[in-house]
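Shared between the two complexes below is subunit A, which has subunit B as its partner in the first and subunit C in the second.
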Partner chain A sequence: MAKKLRELTFELKAESPSALPTDFLHYGVVGSGDMEVIMEHQELAGAVRIIVRTPVAGFDEVWRRVLERFVNQTGMADARIEINDNNATPVVVTLRLHQALAEIAEGGARHV
Partner chain B sequence: MSKKQWESRKADYQARMNAAAPYIHAGKVVAAADTTRVLEAVIRPFDRVNIEGNNQKQADFLAESLIKCDLEQVHDLHMVQSAVPLPVHLDMFEVGIAKKLDFAYGGPMGARVAEAIKHGKLELGAIHTYLELFARYFIDLTPRVSLVCAYEGDASGNLYTGFNTEDTPAIAEATKFRQGIVIAQVNKLVDKVSRVDIPGDWVDIVIESPKPFFLEPLFTRDPANITDTQVLMAMMAIKGIYGEYGVKRLNHGIGFNTAAIELLLPTYGEELGLKGKICTEFALNPHPTMIPAIESGWVESIHSFGGELGMQKYCEARGDVFFLGPDGTMRSNRAFSQTAGHYACDMFIGGTLQIDRFGNSSTATASRVAGFGGAPNMGCDAKGRRHPTEAWLKCGAEFTSQSEYLGNMPRGKRLVVQMVETFGEKMVPTFVDELDAWKLAQNANLALPPVMIYADDLTHILTEEGIAFLHKCGSLEERMAAIRGIAGFTEVGLAAKPAETRTLRDKGIIRTPDDLGIDRMRANRSLLAAKNISELVEWSGGLYDPPARFRNW
Partner chain C sequence: MSSDWETLQNRSFLESNARARAIGLADPGTFTELAGPRCRLSSPHLPLLGEAVEFDDGIVTGVGRHGSRPLFIASQEGRFVGGSVGEVHGAKLVNIVRMAHQAYDRMLAETPELPEERRPAVVISFETGGVRLHEANAGLLAHAELMDQFQDCKGKVPVIGIIGGRVGCFGGMGFVAAATDAIIMSPFGRLGLTGPEVIEEEMGKDEFDASDRALVYRVTGGKHKYIMGDCNLLVEDTIAAFRQGLGKVLAMSYAEIDRLRRIGSLDKVKAQLRTLAALVEIAPRDSRDVWTFAGNPAAETLVDMKLDDFLRTVKRLENAS
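And then the complex of A and B:
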């Protein structure tokens, strides 16, 4: 049975932002307990727009906190992030986001 | 004045055995078809009866035979047994064969135990640890009749329990030496047993069962299901706890977290230069995920509570590591291994379903009387311990509040570690204000909430967020702040104050992966020494023979 996906949008700004390189990256898989992330550069006056598609209800505030912490820790700016979630826990979300960012920092505009 | 009778137990034993005599042939042998009749002959209403069975082997044929007894002759039994994992164990209470239960582990029947209590079908004595229950077999819960199981038996009653010796010696000794009756189901009736694990004169009746006893591969974890998060946490455990304290003697609880640690020893552990410095001696079942570490020369010795399905040949071929008899096959022994886990191990590391804001943990839920098996005996500080080791002394030296009781007297402390993700399956938070065990105590009318590990025994909590060194805290307030600081995005964790958490990190009470110098980017399944069951078989040189359900290649 296909579960209905909910879409959440967050617009966040780091306390000390630095722009994402003008690259595109697709990271991860959407296996159970995991998620897929697509990151790309987008002029947003220093902000980060994050679109989350998730089958899980009731955790909007947790998503916000997890994403806020990620944006603040990394100082990410001017980026658009799409997350296709399949029941990932906060730790998996954080791990995948950091891994995607590290791939970009290594200069990889590529699909992983 | 009448003369005091000192041999009533012996007379009672003789009367019961006389009633069974017509069914006993060729020494101590009874035909499988006569089993229920024999049980009716030797068991009396309200008797204290043991059915052997734990989280591994089960005397299932004798259980199935007991429930067929005539209710007029056999009813209201007081069952004293390690575990009630089979449906028949609970059916016994439904029909009235049994009335009272003293046990240690409910496993998959946890919900039915709670239901039966609620409906007045089952009167609960108490929930124990294995060792605690065995202890009571020798004090106030000695079985009148015990139903045990073995691989082989002969006409004189000698039993070969081999790899799966487990609880049999403790049960048979307690029962027989109080003039009780020991009945064994054996997979095979033989002329000469491979090895005498239980001497024949401790056993009254031997029955060849129609099929081999049931064995549950409870300790097998498929590495294919280990996640990157578990790899991260295993890295934290190895570097931040095992390496930090030089933990050599230990027990691992069941689960994917500890399986990840086992599979990281030959890779990440090797890289940290920890070989020979940690994980040399274990009280542990033969976990298949230990194979790569054993093959890489990490492990000196393993004593086991029970046998694990499929590991028999591997263990026999690694005689320098496992405990083998003169016949060349392994002998497990739950009572001794639990004692070893309690007194001779420096650390217990395992998981749980819930941890409250004080650090008490439990696997009980509001509707399941689960029991904790052996975890509490290893997950506690052994107060009777006197021998020192490096890890035990270091943990004791760090135990801030010890001087409140001992003044300037030094003493060591066991490391007791709970390793949990902040959210469990289906995003259920691990950290809670109050344990569900409180609700269970109310629902099942228990005297106290079933706690697996109490906060005063717990020294470390490890989550993906960091490690809390709880024994270093000076007050309950500080402990609670340390727990909040690693509880992530759960309600408990969201109450953490960033400045307070910062202070705890500076004091070394909380250490994050960054504090430990662990690169999260490396937390990847590629670090596992074996990535699936097939690779474990390969590591074992084909000696490990996984059960069918784990063969997916």
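And then the complex of A and C:
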């Protein structure tokens, strides 16, 4: 039996939280070595719930560190983040997450 | 990377993603995505195989306007599993065409005299290698259903194919593209049935060297397809150029659009057989021999010629539309 797609869930809290500046955004394409992300508002008592779907095993701790850093850097709070990953490196993950937020600032990428 | 409509227009179609193409092909601000990422309609099969999924299953579908016409749009994403047609991807594609057909019937029932320029049209941006092998039965079925939908649209809703993505349009979807009413390509677009890599794998490098990009483009590229008559319009590689090409086709009456079809009538089959017989006579060793036969003595120069000059000087095969 082939390995199955893995689903990781993280509950994180920023040190100095602030609300997600939109109720929904989608960004990215699940190309090889790339990922897409949905960020949406969800009342979680200031926490951020992140769900990662990835074919890669053995990098759970790396995911946690990358996501913790992102949540702390941006102060994101009360948000649900879903990531579909296809072997993206930690650098690409960080880049895409920040690009997604930049898209909100520019008023794009809010796909229904 | 803003997805603002104006900035999209001058962007390379080849390098844009499927969503940017869909937004840019419709009139400014008119595109509404249906069954988009928020619906999270990802493949139920890929997770079992340990493969990555995408919220839109590799295709953007929606509605917009093009001038006075309602436009039903599908745009495949080549970067996700090669734009391949899986179960969800296929269902989205089939149903956007079905919606166009249903909209047509409803509109005509309400307004029997509805002018042609206000009737619905379908545009599909093909970027695909065909069936997704991980869910091949569902994918193949979707191919058949899509051809069925095209047939139902006949005489009613024009179906326009666009090919300008990196992956090109190959495999089963090469057949589907051939069944559309009109095809618009850029010189970077590629269209074929069996893809270059598959031919090489099956028949060997002597038969077809898939790493020879010049050869691949001479056999499958937009310029060759234009000369052969497999593509109706050849445009520059920008979203705006594809949009203008689409506008040119959609400004025609249904009867005129129907005449753009490359296949689908006895006369077209006869014309193709005549061409084929003539080509067997000259026994071409390369696409360039066919271009010469079509009336382009300096065939070699066509490859690198700018598109404007190419369109001004090129001679197409006789059965070309």
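Some points to look at:
Quick note on the criterion: the second predicted complex is superposed on the first by the 103 of 112 C-alpha atoms of A that agree within 3 Å, B and C clash if a C-alpha of one lies under 4 Å from a C-alpha of the other, contacts with A are read in each partner's own complex, and residues count from 1 in each chain.
In the analysis below, a residue touches a chain if its C-beta (ideal position, glycine included) is under 8 Å from a C-beta of that chain, and two chains touch if they have at least 3 such contacts.
Treat the numbers as computed from the prediction; the structure is a model and nothing was measured.
Legend: residue contacts after superposition of the two complexes on their common chain; A:D85 is shown touching subunit C, with no touch to subunit B. Legend: residue contacts after superposition of the two complexes on their common chain; A:Q99 is shown touching both subunit B and subunit C. Subunit A is touched at more residues by one of its partners, and among subunit B and subunit C that partner is C. In the superposed model, A:H26 makes contact with subunit C only, not with subunit B. Of the two partner chains, subunit C is the only one touched by A:P55; subunit B is not. Looking at the shared chain after the overlay, A:E36 reaches subunit C, while subunit B stays out of its contact range. Residues 87, 99 of subunit A touch subunit B in one complex and subunit C in the other. Per the touch definition, subunit C reaches subunit A in the complex via residues 1-4, 17-19, 32-33, 36-38, 40, 42, 46-55, 58, 77, 79-80. The residues of subunit B lying in touch with subunit A in their complex are 227-229, 232, 421-423, 426-427, 464-465, 488-489, 494, 520-521, 523. Residue ranges of subunit A in contact with subunit B, taken from their complex: 33, 56, 59, 62, 65-66, 87, 89-92, 95, 98-99, 102.
Interface residues of subunit A, counted against subunit C in their complex, comprise 2-5, 24, 26, 29-32, 34, 36, 38, 53-55, 82, 84-87, 99, 103, 106-109, 111-112.
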